[in-house]
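Each of the next two complexes has chain A plus one more chain, namely chain B in the first and chain C in the second.
Moving on to the complex of A and B:
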């Protein structure tokens, strides 16, 4: 059973990865290609957010701090060090490192408090960063930063970004999976359920939370830098965007908070939907209103997300089918004392006999 | 007999309420020590002070001769003091087996592979799982190993909490009302498990209101009232001590004089 589910998930992940890998070869429409890259950026950001917030239960609405800092770090370095061409992609690492370093003091302050207070502090820190981006001179102020021009042929431009984004997204999902199954991930989830009890079992709560916050922040900064090079511009209100935080949180909530696949699914549904709407109705506000509507629906109807709810539905459907089969089976016919694991055998048996039973 | 755990003149006030007022208790190695007293006498506060959940105002706590005053919970646990809570606390959204593995990292010394351990290694190696399963069998909830802990009944949660505290093999276990709110047959079961562990050398400090439970199980009983120790001794002596009767029933000394 468990071997089967593990295998099933591995096959599912491989198929999804393969589909993503051939996507730009099949779909050559440039608008769609742009949506593809955007979606991969949000898959990465939502999965990274979930590594911290989903596993630990500390809901951060300040991850745009990392996204923007990664974008600005790469942008400032590219400007001041005159980095051009493919070497820009080395600056992605710089974006990640800077965001990770910012996560240390940010986390040491914010992680002292829990629940709502934590959420409020992350929002406050976010606005401090947006203000700094507006007001410092090295950030370019309100005019922001421009990315150096990439001398790539427009034909392959999107494809290169797409595959870089795909590699980062896949690696992030892999890391999320590794963390969830590890001792570290177990401690994070124990903190989510009852932090004080976990401490009483030897879990160094602050260290564990801070590590997750830094890892999550660093990945968000890395993908923020990629976003900057792709968009070729960073403004204080787009790099440090409050909607970004709500969006990645909603993606994780929609798919399933604290699961590996949940934020991937959420991002795959929401980001193309949002981009499509924006392009179709050319009204950014409408898309945002719809986003708010989706948020309400998720909180009201799917508070635990698609993946956990779906899993439960399948399990209860299977159980009901098993019950029905057991009821239909003639009492003397089922092998008495058979192992409970062999449930499939009598069920098929019973199904075969149903018509006969009815004719009698 | 040597003293394993000791508090010395511990005081703790919450605003104007003096919850602990110079409480000095001793727990001998290999003993089952009972801690009783009326409601609000400071029993749970003393547990919280020992295990680092509350900071004390004055006084000291010693474990195995070393001072552990105001050490944080994770350090207290690493030093070999495990505890359960009065209102049982488990991790409801983890499976029973995962609950067992949260604490498993402290089992024995690190097996000489240097200091670095892969932080992303899968949780619960075969040895950890075997040990966890043994303890679940011991407490009698092994058939629930893959269930979510949140689906367990109250009594099963009590057993799970006892089991996962034991995973790390602490030198002394502090139990806060292990018999509170569970049915009589389960009390018998829990009593037998504690006695069995004690015979294997485990030390216990138990807060409990169920007098039959305390008097039948404990080697020594300490009585708290208004944050101070009013009596300590073997159960049969405590049972007839006038100061204890006074603390519980409000009669005794006045009637004697």
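Moving on to the complex of A and C:
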């Protein structure tokens, strides 16, 4: 059954990827393409956020620091080095590196404290960065930065962004999946479940948390740089946006915190929904109120997210069916469940099967 | 120069009194409910807008209007606690409650934008524009009145906390929720009332903030909450005395830095926060318990 599930998931992921790959060839509407790129950016950001916050349990509300730093790093480099055309995409890496470097001191300070204090520190650091973007001269102050003019034909303009975003998003999901199954991911989740006990068992907690924080931050910075070139403008209040922090957290919560597919699903539902809503209501304030409302509903009604809840529903349905079958079968038969086929990979088994337990 | 410095210290202390009131509300809520009310900043702005609406549309004076806005904010607080905070449980309660408060904050922010628009407004009255001449500089009366009221309210809160049965119930709940439950304290009621009180003080804080700041709009809530968070973390989460001391200290420091560089004055808050936490993760007056996961 485990093999089946893994195969099913792989096929599902491949189909999703294929649909995403042909999407711009089928749907050529400019507006839809824009929403598609936005969605991929948020898929990446939400998955990256989940790699740190979802797996370690440390809720960061300061990931906009990385997003904005990536955007500003790429923007400042493009402006000062006069980078134009396709070479821009190389600057995405710079955005990722800068954000990763910022994550090191940020993490060293913030990760010394836990729970509320950690969240508050991330918020405080976020505000420091927004303030710096507003007040330094090299960031362009309140007028922000403009991206260099791209020399591509407008017909293929969106396509390039779309495919770059798709590659980054797919790679991030793959990385998230690899981390979740690895020893590193297991250590992260041990920290989430009981940090003191994990330390007692020999997990180097600070190092593990910091690594996840840096990886997560670097990816967020990378996608922030892409966002900057796509939007062609970075303002302190849009690049360092408190709503961004909330949105990616909401996406992960909606889909299922700490799962691989959860943040993807959450972003695929929320971002197009939000964009559609903004176009329909044409009232930013109402859209903001609705976002908050959706968030409250998710927290109150679906506190564990769609994927864990759905998985539980399926599991209980299967169990009921099995019980019914067992009652029909002659009493001599062994129960269908049997001992778990612990076969090749006990560690992965422990890691992968916990979802049926508490809130994964 | 000496006058400037004196002015900075005086206005810092007076402003600190008002921040202390808002921060005490926040730290009380933390102590009793074990949540951080991220929405406190926008609630201060909501209180300021309520005062604004009363004074502009109904011509009710700012101080008189508090008789309406304080109970209104109290009710809002109790309702929010009852509807969105109380149902949360389980091991993710910490992060859930933070996100719930954040969601409440952006709903209030959106509603305020909708109702009042993004333009900056100020609260005006004769005692806001008139000043008293002391120690070689001019100080609007509102600073003195606001400070006096904030001090009186903080003392009243202290009185309630340390001299009444209800206050003892609050402190007991802060110390040990389960034990409080065992000795017959209605913990849910205490939690709801504490949240109400913690939010009600923002009506007063908002009025004074609106009258002393150069103008506010719905976005000002972010600036406020980040300062308030810095204050209560610096003071040590759940420590009321710490919140008082940190407010006055930080506001004074900010207004002194403001003499040289107004744009960077607010950065003092965060710089101090980062500095203190690297040295003392539990804050200046905090107990180590604030760290336990």
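Heads up, the rule we're going with is that the second predicted complex is superposed on the first by the 327 of 360 C-alpha atoms of A that agree within 3 Å, B and C clash if a C-alpha of one lies under 4 Å from a C-alpha of the other, contacts with A are read in each partner's own complex, and residues count from 1 in each chain.
The working rule: contacts are C-beta pairs under 8 Å (C-beta built on N, C-alpha and C of every residue); 3 or more make two chains touch, one makes a residue touch a chain.
Given the structure is predicted, the values throughout are model-derived calculations rather than measurements.
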Exercise for the section: Could you let me know whether more residues of chain A are touched by chain B or by chain C? Expected result: C
Practice task
Name the contact category of A:187: first (chain B only), second (chain C only), both, or neither.
Solution key: first
Practice task
Would you check which partner chain A:253 touches, where first means chain B only, second means chain C only, and both and neither mean what they say?
Solution key: second
Exercise for the section: Mind working out whether A:117 is in touch with chain B, chain C, both or neither, as first, second, both or neither? Expected result: second
Practice task
Once the structures are superposed on A, label A:179 by its partner contacts, choosing first (chain B), second (chain C), both or neither.
Solution key: first
Practice task
Report for A:205: first if it touches chain B alone, second if chain C alone, otherwise both or neither.
Solution key: first
Problem - Contacts of A:148 with chain B and chain C, given as first, second, both or neither - result: neither
Practice task
Quick one: classify A:196 as touching chain B (first), chain C (second), both or neither.
Solution key: both
Problem - Set intersection of chain A contacts, chain C complex versus chain B complex - result: 194, 196
Handout entry: Complex contact set, residues of chain A against chain C
Key = 57, 59, 61, 109, 112-117, 119-121, 123-125, 127-128, 131, 135, 194-196, 242-243, 246, 249-250, 253, 257, 283-289, 291-293, 295-296, 299-300, 303, 358-359
Problem - For the chain B and chain A complex, residues of the former touching the latter - result: 51, 53, 72-74, 76-78, 82-83, 85, 89-94, 98, 101-103, 105-106, 119-124, 164-165, 168
Handout entry: Residue numbers on chain A that touch chain B, as the complex places them
Key = 178-179, 181-187, 189-190, 192-194, 196-205
Handout entry: Of all residues in chain C, those that touch chain A in their complex
Key = 30, 35-36, 38, 84, 87-88, 90-92, 94-96, 98-100, 102-107, 109-111, 113-114, 222-223, 225-226, 229-230, 233, 237, 263-264, 266-267, 269-271, 273-274, 277-278, 281, 290-293
